[in-house]
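Labels for the chains are A, B, C and D, by order of writing; each one numbers its residues from 1.
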Amino acid sequence: MDDVITALTKGIAVYETLRTYNGKPFALKEHYERLKKSLSYLKIEPPAFEDFEKLVYENLSERMRIVYVYSKSLLEYVFQEDTEEFKVEYVKVDITTVRRADPWSIPPDLKSLGRPDIYLARLTKGDNYDVIMLGTKGQVCEGTFSNVFLIKNGKFITPSLESGILDGITRMYVIRFLKESGYEVEERFVEPAELFYADEVFLTHTSRGIVPVNQIGTLKTKSVELSSKLSKAFEEYVKCLL
Amino acid sequence: MDDVITALTKGIAVYETLRTYNGKPFALKEHYERLKKSLSYLKIEPPAFEDFEKLVYENLSERMRIVYVYSKSLLEYVFQEDTEEFKVEYVKVDITTVRRADPWSIPPDLKSLGRPDIYLARLTKGDNYDVIMLGTKGQVCEGTFSNVFLIKNGKFITPSLESGILDGITRMYVIRFLKESGYEVEERFVEPAELFYADEVFLTHTSRGIVPVNQIGTLKTKSVELSSKLSKAFEEYVKCLL
Amino acid sequence: MDDVITALTKGIAVYETLRTYNGKPFALKEHYERLKKSLSYLKIEPPAFEDFEKLVYENLSERMRIVYVYSKSLLEYVFQEDTEEFKVEYVKVDITTVRRADPWSIPPDLKSLGRPDIYLARLTKGDNYDVIMLGTKGQVCEGTFSNVFLIKNGKFITPSLESGILDGITRMYVIRFLKESGYEVEERFVEPAELFYADEVFLTHTSRGIVPVNQIGTLKTKSVELSSKLSKAFEEYVKCLL
Amino acid sequence: MDDVITALTKGIAVYETLRTYNGKPFALKEHYERLKKSLSYLKIEPPAFEDFEKLVYENLSERMRIVYVYSKSLLEYVFQEDTEEFKVEYVKVDITTVRRADPWSIPPDLKSLGRPDIYLARLTKGDNYDVIMLGTKGQVCEGTFSNVFLIKNGKFITPSLESGILDGITRMYVIRFLKESGYEVEERFVEPAELFYADEVFLTHTSRGIVPVNQIGTLKTKSVELSSKLSKAFEEYVKCLL
């Protein structure tokens, strides 16, 4: 115990959040690869995939968070996340003034606990489902736990990785799903104004898949028509992958 | 214990590092004020000064680190830092490529554990005593645990607070000490090239006071004459303040 | 003539745009002071105020542009600007993706010809009256020839000078006018989203005073009620100052 | 004439600087392509290559500058540059505090007259041959009229195009020359400190080819051994290409 506390206060902890469907963890390999990437920044030897897999299966829950931190040896810690039903059909978001740390300061794909920029952004959430963070140049990045998509004239737009965002696993599956469904998806720098000009906006994250947005700040004008349909379709799409 | 672990993995912990001289903690009030500032960013109610003082005196050691983290209630944790003798007369530093997070991302005076920018910078230290971090515009900021001063033509120069640095308590005492000793001190934006053009460079931090620098990267040309003298004089200056 | 061409191709030209009311130039002294500031960046000796004044009166027109460029001696050149009637009651603007150059690159109050950032922004104007430029951190700066104001809950907000904007003379008079009219005016960093959340938005510039905005990009929802009233009142206010 | 003045004060002029060897212009096609790029940013139709070629041959001089500016039609203007002998074997440079405008503000390959950032940097030159500009993140970019190369442990390093630099034609030929000579050339982000750690530093520009640097600011420690040899060899290399 003391070891964990020492590690957590002296070191830096990385984590992955996983979701299971009917007792099967989703995208286990991708989560493992991302964990390896996070640990590589910290120059920490990753666990073997088999050990990671074993840890997941031994602690299986619908939504789980696995934390790794190093102190003499690699310590691991598994949390069960809340699984309250996701009843809302659409959500309200806002844009926070807290900028996402620049990639020259913190690599976007270092998924660590205690990132103050993300933590401080979360403190500005109020009654919003999530708040969208801009990058150091003012470009749209992502929510504090979600990625952002826009629909404009039937085309899908989402911030590119070079915008300084985390390579979200659900984001990647949603892009694949949209392309397989015949839609055009543009990954590029996105300006905040585009969120207001978009026909629809939605978030994506591991625990909920696609989450339609009907309101940004005080502007309630967003349609959720297409994104609501896609939200249900994506749920089926993911189940078929398992 | 479990509470601390939960707090450390879900929340964000802030800390102060204190030094004692002959059993008396130095700059207790200033450290308390800075702690309050850190907690205010996290919207956490600070402890009363009396409780902070009591905690320090009950855990007194030559160099101590006090950690606070919130989970239902405010949790505290005191570490004793290593006190190995400081035998070297001067040190070697380098400039890291890891940029200090911009103030729009993380307030410079939020002194929190697990800041990935500082942690990653520390990983690039090699055989250097400390590495100097630049800000998002390339301006000189500070070391990962120290502040930086230059001497050029008898004048002292140090990055201003608006450069995006922590308001170091030792830095403040050193500026006061230099001014009282009749020196001119300039607080302003400093360019990396100035480190190489300076006559002398030194670091300041709680545990060691003034630390002369005789080498930056591969350049060994620095004098340590004046800064060595000042290092000893500052030690006496501080003791007289207690 | 050849001298002017050589000067314009080798050097950098600065300018001021003046407006006259009933044959009297407005804010002559302020324009002269700003001209001096521009020339100081280029290390060019300014003309005497009397010479500047004489030049203006000898070339008086309703809207005039005075250009200075140095080549061996200080050369001057006066243009008469178009004076077509300003019939529209409100205008449409958009936010351009071209960022205003950072103050560390180009001082915001160096009013020079041929600034590529402003020129390129202007090329993105389309059917908009003006386009609003953001700064290097994504903060709202100003139009390519105007300053920006927001009204939110009866309070006026405009980007502060430290946002990296030109110290607009009309902007300064509008702030003074609003304060004298009993309104609260906040000068601070403004985020692009605030333009969409505002009750009203208006531009200010020398030639037209206050210009209400009823549409930003594709969003037509803005009221122009208060800003239209203020536009007329400001016209009277200025005339009384002469 | 009046047309040129109007164009120069209302529009933005682009240019190319050419060098001739024994009456033959060097890299004519490359200069034409870059000119086209510059004009494309301004949405100006470029001249035909044949017209550009003809203009060059009709105004041939050892070092020439060709300026284009648009006002109703495309206007052109040719200057003969000074051709004083290049007697110095090596030069002194410094790093200016004026940052190169960010690519989000001004495209690095828009080669226009009257760029205030470059003009202001030039004003800080003093007795230096050229001053090196850093980018908005503090990375090394280029001189006000030259590109920068470092030699470290026998390897050549130069800022990559994504550092926000002009795609210098001489820079490109030097890279090609170095690679053909069997050297390794790394194009990447370069930190200012690396200029001080390098074994040798040299500049490249159209008029002079490779120019060895023996002093940066107050530090005179640079060797010019290899760069001096390369300077002569490159001169021969270029002549063979014609």
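In this section, a residue touches a chain if its C-beta (ideal position, glycine included) is under 8 Å from a C-beta of that chain, and two chains touch if they have at least 3 such contacts.
No experiment lies behind these values; they were computed from the predicted model shown.
Between chain A and chain C, the least number of touch steps comes to 1. These two copies of the sequence, chain A and chain B, are related by a rotation of 180 degrees on CA atoms, to the nearest 5. Chain D has its Cα centroid 34 Å from the Cα centroid of chain C. Remark: chain B and chain D have CA centroids separated by 42 Å (rounded to whole angstrom).
Residues of chain D in contact with two or more other chains: 97, 99, 104, 136-137. In the complex of the two chains, the chain D residues touching chain C come out as 1-2, 4-5, 8-9, 11-13, 15, 41-43, 67, 77, 79, 97-102, 104-107, 110, 112-117, 119-120, 123, 136. By the touch criterion stated above, chain B contacts chain D in their complex at residues 94-95, 97, 99, 134-139, 191-193, 195-197, 216-219.
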